[in-house]
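Look for chain A in each of the two complexes below; its partner is chain B in the first and chain C in the second.
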Partner chain A sequence: MQTERKSFWDRLLTIDRRWLYLALFVNIVVFLLLPLRLPAVVSGPVRKFYNAMERLQPGDMVMVSSNWSASTIAENQPQLEAVLRHLMRKKVRFTIMSVEAQARDLSLRLAQRLAKEYGYEYGRDWAHFGFYTDLIVAIKGMTNDLHDTVKQDVKGTPTRELPVLQGIQSLKDYKMVIDVTPSGTVPDWISYRPKNLIVLYCPTSVMAAEAYTFLDSGQIEGMLTGAKGAQEYEQLLGVVGLGTRFINGIQFSHVLIILTILVGNLALLMKRLAQEA
Partner chain B sequence: MDWLQQFLPLNEGRLGVWIGVVCTLAIYSILYRENPFYRFFEHLYIGLAAGYSLGPLFADIIYKYWVDPLLKGEWYWAPVVPFGLYLYFIYNERYGWVSRIIIGLLIGASAGLFFQAFSSRYLPQLNSTLAKPLWITDANPDMVISGVINNWIFIIFLLAVLTYFTFSFEHRGAVKRVATVGRWFLMIGLGAMFGNTVMARMALLIGRIYYLLSDWLGIPVGGG
Partner chain C sequence: MLIDMGTTGGRVLMALIVLGFFVLAFGLIPLLQTLPPQGRRALIAIVTFLAGLFFATEFFLPLTEDDKNFLTPGVVPAQRVLQVIGSLALGLGTYGLIRLHLRNVVQKRGQWGYSVVLMLAFLTMATFSIWNTLAEKKLVAQPEFQKRGFTLLFDYTLVQLDASMFSIIAFYIYSAAFRAFRVRSIEASILMFTAIVVMLGIVPLGAYLSDHLLGLPTQVSPEAHPFSLESILYSLRLTEIASWLLNQLNAPVQRAIEFGVGIGGLAMAIRLWLSLERGIT
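On to the complex of A and B.
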């Protein structure tokens, strides 16, 4: 029996997808190991984010709403780390809260690590309010009376005894909220926050496209889009964090994907042309 | 042989890293083919994530807002949790009506919250859209030509997409052409969203590869 010989384009179109996975893996490993740091073009939303943070004064109060779990650690951890570094540099007081159970401990551990580096003392300079099941209830409660809503921090200390909350009665006494999240939590902050509260947003790349309407209307003042946004922000801060370390892998994996899309389409076109001929 | 001692799971920290590596490789083994190793770790991950959430739920919600006040003698909080548990009557045919009390409360609260959300979420967007300058005049001396072009693009896209979503009458003639353009604009928007999704997925993969290279193998990544 004679088998029909496959053309080069046919073979390209029937290539085992596992070879593509392997190519992607090798591509990422090679470009992660490359000791090359490509400079970022800082986008408008990241610049606005940075400028809003720069306007904070020492002693101002900021709420960090950290709502990510291990599944989006590669995007949200670089963002949160860069944001906390900036807050600590500016000597700004902050509190953290989470509506995601894993985020409670992930953000607590990250803040504790950075606090040691910047000499931030828990209770005096920052605090963690723990986990909440419903963000809307938490926002509305804290807007009315923060102490009656939160009651205790994550360590069980009554909030009225925390020096960091001296002079703070409700969310109205905060300057800003920074939402680091892979979920649709930012519309809740926009809708129910006190109107004096500036909203900054750190979504995963998936969520970023939906936020441009909020950016355009000024409901969000700035945004870091995923690990790429974190890299741009780290460049503005002058630090080398996870965003900077990931960016070679992100950029060159996209180059590979674009190339494979082009080759795939070319192969399809050539096959059609051959059939028509 | 110091490097070997640092590499092997001989202390708590390294043991955690090795467990993470086994989990990562097990989950990614699906890329080669379906296998029981992957299935086991998939179920393990889902179970761990669900189980993990019970700890913060009890410590930060049930204990803080119910058990602790009761222990302090605030007995008026006692009916709250049993009242909430009425929701589970939904599974009982005879007493299913009891769950409707809770469902009714939830629907009422959600409807009330939506009024506030609508005004503070969408009205500023409407206001921002209507306030976009389409010409440079004395009223907006700071406006630059690129901003005006941007605003025109925004308005054209908006009107075209809104036309596409107008189903009150049949799309014919000029309306049909505008709606078609609106559909193409939507495609561009969805393409941008998909591009972002690809970037997110790549970042997650890179995060795992970074873990293998840096945390497990100790290789400096991204120039150290």
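On to the complex of A and C.
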């Protein structure tokens, strides 16, 4: 039996997916290692985020809601790192809380590392409230009475004894909340927060599209979209962080995907033309 | 009633109260089991309705100057009950997991070796993690091997595995994009063109292509007419097109979807509140 010989375009259309995986892997590794730095154009939401942070005064109180696990570490860690750096530069007091079990340790360790760098003292300048099972419950409780809801920090110190919380009775005494998350937690903050609390949002790239409606309405004052948002923010801060290091891998993966899609369509077109001929 | 937790007597009293509640709760379960199905359904429906009524009324009632109404003081205790229920659910999940895999091992069901691995991993991680939490609170000592063990398990195992698992999605997306993004209709062409513009426009490379390869203006003077050549060329930058797509097309569509989802959620909440949803009772 004679088998029909496949054309080049046919073979391209039925290429083994493992070749595609290899191409993407090589592309990411090469461009992550390449010392190429293209300056970012700072987008509107990132500029607004930065301006809101710049308006904070030393001693103001900020809640960092860190709700990400290691699965989104590539996007949320650059964001959280850039945000904490800015808070520490501005000498702003902050507390961290998590409704994701892994985020408790991830955010605690990250903040501890940065605190050493900026001379921030735990308990005096910042504190970590640990893990909460339900965000709405936590927000409503802290809005009524923070000390009655949180009771003690991750180190077991009663919150009333923490110097960083002197003069703070509830979330109403905070200036801002920054939600770093891959989940849909920001509508909870928008709905249940005290109305004086400014909301800033650090979603993963796939979640960002849903948030533009909140940006339009002013319910979110600024947004960092994934590692790309972190890179723009790092550029504004003048630091080279994870976002800046990751962006080459991201943007050249985009290029590879676009090229592959175009090649796939070209192959389809050529196959059709060959069939018609 | 206020209990002074700083004294031994206060702590003993609190422990007795907690123990009493446990005895009461575990005593109630067999009692509830004796109820006929209709009685159980009615009880669950009443509790669900009252709980929903409390939170809804508290949310909708007007607030006084201190941002409270007469139901607000009850919110924190009610939420504590929710947290306890949430924590019990975690315990129930753990119990279910261990029970299932223990049975797999005891009965030597197919692939029971994986169950052994799961239980060993679970117990090791739980031991080191709980130990670490207690040590952070200075309730127990933290020897060096515990610190290293937790770092090895959390930072160098769990975090790496979790990140690797999620990153694999990129490879599937890449493969799927190659096979699925085909220009077969006008709609598919619009989708593909939009995706390409946004993918390029949101990264620095998009700006580089617009500025350096196409030579488009990087800014436009505020006095420029919207239809002047300068404004039009500026608007053709990939970054501007991507921003326009996200803000002017994506945002209204998302808003419409969220309205729909919100109304659907409200309808579902009412059905749950009134125990009309099948399988609730």
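Here is the rule we go by: the second predicted complex is superposed on the first by the 276 of 277 C-alpha atoms of A that agree within 3 Å, B and C clash if a C-alpha of one lies under 4 Å from a C-alpha of the other, contacts with A are read in each partner's own complex, and residues count from 1 in each chain.
Definition applied: contacts are C-beta pairs under 8 Å (C-beta built on N, C-alpha and C of every residue); 3 or more make two chains touch, one makes a residue touch a chain.
All of these numbers come straight from a predicted model, not from anything done at the bench.
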In the superposed model on chain A, is it clash or fit for chain B and chain C?
clash
Check the residue A:Ala209 against both partner chains and state whether it touches chain B (first), chain C (second), both, or neither.
both
Touching A:Ile190 in the superposition: chain B (first), chain C (second), both, neither?
first
If we overlay the two complexes on their shared chain A, which of chain B and chain C does A:Leu33 touch? Say first, second, both or neither.
first
By the touch definition at the top of the document, which applies to A:Arg245: first (chain B), second (chain C), both, or neither?
first
Tell me which partner A:Gly44 touches in the superposition: chain B (first), chain C (second), both or neither.
second
For A:Lys151, using the defined touch cut-off, is the partner it touches chain B, chain C, both, or neither? Pick first, second, both or neither.
first
One more residue to check, A:Gly222. First (chain B), second (chain C), both or neither?
neither
Scan A:Ile73 for contacts with chain B and chain C and give back first, second, both or neither.
both
Residue by residue on chain A, keep only those touching chain B in one complex and chain C in the other, then list them.
21, 24-25, 69-74, 102, 105, 132-133, 154, 209-210, 213, 216, 225, 228, 247, 250, 253-254, 257
Chain B touches which residues of chain A in the complex?
18, 21, 24-25, 28-29, 32-37, 69-75, 101-102, 104-105, 130-133, 136, 151-152, 154, 187-188, 190-192, 204-206, 208-210, 213-214, 216-219, 225-228, 240, 242, 244-250, 253-254, 257
Enumerate the contact residues on chain A facing chain C in the complex.
17, 20-21, 24-25, 38-41, 43-44, 69-74, 102, 105-106, 109, 132-134, 137, 140-141, 143-145, 148-149, 154-156, 172, 194, 209-210, 212-213, 215-216, 225, 228, 231, 247, 250-258, 260-261, 264-265, 268
Chain A contact footprint on chain C (complex, rising order):
67-68, 72, 75-76, 79, 82-83, 86-87, 90, 133, 136-139, 154-155, 158-163, 165-167, 170-171, 173-175, 177-179, 181-183, 192, 196, 199-200, 202-208, 239, 243, 246-247, 250-252, 254-255, 258
In the complex of these two chains, what residues of chain B are touching chain A?
31-32, 49, 52-53, 55-57, 59-61, 64-65, 113, 116-117, 120-121, 124-125, 127-129, 154, 189, 192-193, 196-200, 202-210, 213, 219, 221-224
